[in-house]
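Below you'll find the structures, each written out as structure tokens.
Two complexes are shown next, each including subunit A; its partner changes from subunit B in the first to subunit C in the second.
After this line comes the complex of A and B, so read on.
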């Protein structure tokens, strides 16, 4: 009985992992053939500069999101100031802005023909032309859309800080700086790293933003190899190298994750109400951050929207509902699967299954179109297999079911990352005590596991909602006819460099994406000391 | 010729009563093709469904779907991708007198796997305050030192530039083509832009004086503001002619209704469809005698390069490699 149960769990787990990682592992099959002249060309002309560029981007965006994310989390956790209750929640909203949309907004404002430089040249003709399409520009734009991951997860970690240890350190005469770096930082490190991993995976996968800035990375090389050299095989080979990097990243993150120790008896730390100069400064910093990340881009989009043809809004009603429907369905499906996986995993340390977990997360780090195409190939194999061997005709490609499965492959990692923390906080001893007292599995689940993990499940649900609303490449390639989404409407115009026409769908997309985020926003803690 | 659409309409209407919808995989953005498809439905009663994406993923989808594909027609916006689709065996040869008669030879696949539907000219655009048309002559001449720091170019990652450089290789040989591209790179005022529109905006801002664009991008800008100080120059008129690319279409190998798909392509080269198609994006019709958009006709006539456009596909790889080694990003 015990053996068969264990076996059943292993099978469920392995099946899920194979299904999710399947299309990505499929990329490895492309190593059978090698386009030698093309590889030679890539290595001689692109390889090392591109790797250097990718590293610059990862380091830059990692630094930018860490400073913004950890800094803002610290300020909103530690202090109370003008608007702090609102800012605590609102600072995650920039997550609703697709990075390439933020990119074209900032280029629209700051590029040589934009209002900023036009004004500068009118006032001071000697200024000349400032290069806005600079590596720093990409780092800037991506940091401002991705920092919320770090903010969110470090802020959760801050709210679990134990006051008693800090007070001991203070009494022992440690400086504030020393307390932060030696005591507080190690405690929030897992949260910070979890956020940073998500940031890095999105950075690795990005194609839209870097293209706008003409910044060539490893990912742009994958596209180039496929679209320009017509070699899907070589593109798949390059993708599998990227997959290896992502795998190492996840493995490294998982190792740090296992150090988390949760002490449920910790005494929370009271926030400090700021006054005078300090209140002004901290408010200024946080409001400027929100302004740069969200308010300025939204104002620019509103301004462009007024220039677009008035009937645009009518054409967006159906795409809006499609986006909402797909997001809700996908979020439900993905959360259920991620939850089941976490549930199976949390109390077992099975070395084989543990190694499967990072495999299921790779979809988030690969360029979207590559994931979309490998998913497509995967589906076509499943379809052929079912039809040839079992005589069942199943259509996945071009159906809503197929699209939902593609989202599952892509966003599974996001959902399971959101659940990690909740499950880590659950104490096995409580569950075991309940079992000893004779509570059945369903009762234990309902009364112990679910209440403790509900916040994580909700987080997964809402984060996936926002991501699906933003998703483009898989939707583009795998959608059923007529299932246009808001992201698709944005692409339709940005593809032709018509930013003004893209503004209204982009604005609606951002508004739609902020709704789940707002429901899920972090709240300001209650205890404050004067 | 005028009778063709009516004849077509009648025959296709009859089959349209029972026909499944035609499915189009299109690289062309939806807003630039949907009105035309709607018109086809109006004329014939046949429903047309469209799925848009880049050409490479669409071809990959055709390959993955194989016999199960719902697609009847593939539309792309450049000859290179059409060539690639035919190389991958995803298109069927079409035997059509109408298409043969209406589409010039250099605008179709030698094996009749695809036909151009519109012509897109890639030409020189200059700032009228800072450049006189007499200073311009050919694409090659933009490599001359007098344009040092005055040239803007879109990124080499765009297929239009790859086809252009491919045509240089085809015409001048690899060494001479390389000298031209080296010269362009030397003359760049700033790093290559992400789109033709952004390159022309840099001209307007004063960062550079000349650039190379597909004409319809200028058309769109002139539609918004006819007073822009930008003008078109048709290069290589004494020699090879203006470099052209095409948007075109073919019938998929595994289409369930190849006759209906072929009838659709034949309608696409009718006078009516040509006029709608070309004016949707201010491109040039492949058929003579179709009225042009007023903005387009104001640019005047030009001599096109009539070397077969499928060569763009053959030379694409070599062209991309050449641009990479020349440091044209």
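After this line comes the complex of A and C, so read on.
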């Protein structure tokens, strides 16, 4: 009976892993047909620029988000100034802005026909045209959207610093600068690296921004080989190359996360209340950052929304409901799956399970385009198999089911992470205690496990909801015919440079994304030294 | 009463317990001492039903719960267990925690039982509080009240005093012994602290490497240790090592250890 339970759990976990990672791993088998002329074309004209572009993007965005993220985390952790309590939480809100939205706002402002250059030309007629679609623009835009990952995780690391360790260094005569680089930085490095890994995954996965700026990367190349060259096989091959990079990133993340260990009895480090010139400077820096990342873009969107043609709102009703419907369905399904996985895994150390769980995380490191390609191939083969062998005609591709599977692959890890955390916070002996008190499995679940993990489940639900509403590439490739969502509307209108029309759906996206972020925002620590 | 017969247990390939025998008569307080990793907590978990031994027999009261093809799950055993961390349900009040095992009783009866238990552990009036609002000592008493609520045949306690303030430990240890004796409940305590065992238990077993090396009263263990290893362990790191060495020789001095000096 005991053995069969263990087996059953392994089977459920294996089933989940196959269900979620199967379509992705299936791509790796896609090297049997090689479209030689197309590959020749890709290698001669695209391959090296693609790699160069990707590296430029990773280095640039990595640098930008690190400076912003670590810098802002340090200022809000270490100092108290005008609005610091609000800023501590608000500085993660730019995460609610999809990168492609931030992209089109900055293009709208800085483009040739935008207010900035119009003003420049009016003042200095011979200034000429400035090309806003510069690689630096992509890096700029993505850094302002993605820095909150670094900010959030380094801030967590900062808040676990131990005052006495710093005092030891001070007593040993270390200078302030030396304390920061030799002592503090090594201690927050795991948090910074974890944030950076997330930033890089998102950077590699981005499709909307890079296509807006005409900056080709792997994601746009995959999209092109599919839609311009109609070669699904080559798209799959390109995808599998990108998957290798994702594997590498995941492996790296796993390595860095194992180092995060903090002493729970540490004495917190009191923050400093600033006055005078310092207070003004630090406030200025932090408010400017929030202004650039959030306030200016939102004001611009509101302004455009008022200019939008009157019928814009009407055309958004269907897409809005489609977005909500998709988000709710996907979040429900994904949270249930992730909950089942956490429930069966949380108190077990089974080497087989340990190897299967990382597989279910793969999708999060991959762009929506790759996930879409794999889901499509997977479903079309199931369709062929069913009709050829069992003579059953089913249509899976181009249905909501296909989209849901793609979202499951892409966002399972997100839901799973928030649930794993809430299960980990539950003391194991609580469950044992309930057993010795005569509670069967159902009573234990209903009265102990569920009430204690409900916040985690709610967090997972909200996080997936906002991610699905923002998701662009997979939705674009897999949507049922004639379906539009808010994100697709933004994409279509921005593609035609109709910023004004795109503003309203973009604003709706940001509002829905802000809500859960504000609920889970970091809070300012209570220790303050005058 | 409690009876263990040749209980063996192993995690996949590393043996933890190899043929443990133990018996406690009704109403006695027994204690298992031993270095960490000797298998004493595992033994406690086996008695509670939280781990399943590979072989051996186990009887609680007059019922066999493990052995002869019988296996009774933890939920069905009448065993009360007080965990080292107390394992109180953080989202439930003191009242709800104590009521947890007796939810099927009629409301009236349930409330009387909770009142009785709270006055027994001297926590009357704390029903509406949550675990995090209580001190360590109070939390422990809630855990004891909760374990007693289902009127178990036997009470198991894992390191009952180790989470408490050193100053309080002595007083609470005495209170605990008085409480257990007044209830007359068969109790098995597991601890790594010899002093705790001396203070609480009638009978003491010393465990090494998955086996009970010697079982007996305090006098028995100190005067006739069956091996040098036991003598060393019984004496070492009790209240103080030097006292231990001296006390080992004479019975009268041994009694002094029971009431430790400052």
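Rule of thumb we're sticking to: the second predicted complex is superposed on the first by the 358 of 530 C-alpha atoms of A that agree within 3 Å, B and C clash if a C-alpha of one lies under 4 Å from a C-alpha of the other, contacts with A are read in each partner's own complex, and residues count from 1 in each chain.
Following the convention adopted for this analysis, contacts are C-beta pairs under 8 Å (C-beta built on N, C-alpha and C of every residue); 3 or more make two chains touch, one makes a residue touch a chain.
Predicted, not measured: the structure shown is a model, and the values here were computed from it.
Using the contact criterion defined above for the overlaid structures, shared-chain residue A:510 touches neither subunit B nor subunit C, since it reaches no partner.
Looking at the shared chain after the overlay, A:90 reaches neither subunit B nor subunit C.
In the superposed model, A:194 lies in contact with neither subunit B nor subunit C.
Touch counts on subunit A: comparing subunit C and subunit B, the chain ahead is B.
Of the two partner chains, neither subunit B nor subunit C is touched by A:404. Judged by the touch definition given at the top, the superposed model places A:356 against neither subunit B nor subunit C. Of the two partner chains, neither subunit B nor subunit C is touched by A:105. Touch criterion met: A:369 reaches subunit B, while subunit C stays clear of it. On subunit A, the surface touched by subunit B in one complex and the surface touched by subunit C in the other have no residue in common. For subunit A in complex with subunit B, the residues that touch the partner chain are 38, 41, 45-46, 111-113, 117-118, 121, 129, 131, 133, 211-214, 216, 220, 223-224, 226-230, 232, 369, 372-373, 376-377, 379-380, 383, 395, 397-398, 473, 476-477, 479, 481-482, 484, 492-493, 495-498.
Residues 45, 48-50, 52, 73-77, 79-81, 83-85, 87-91, 100-101, 146-147, 149-150 of subunit C are the ones touching subunit A in the complex. The residues of subunit B lying in touch with subunit A in their complex are 23, 29-32, 49-58, 60-61, 64-66, 68, 70, 84, 87, 155, 157, 159, 162, 190-198, 201-202, 204-207, 217, 220, 316-317, 320-321, 324-325, 329.
Per the touch definition, subunit A reaches subunit C in the complex via residues 2, 427, 429-430, 432-440, 447-448, 451-452.
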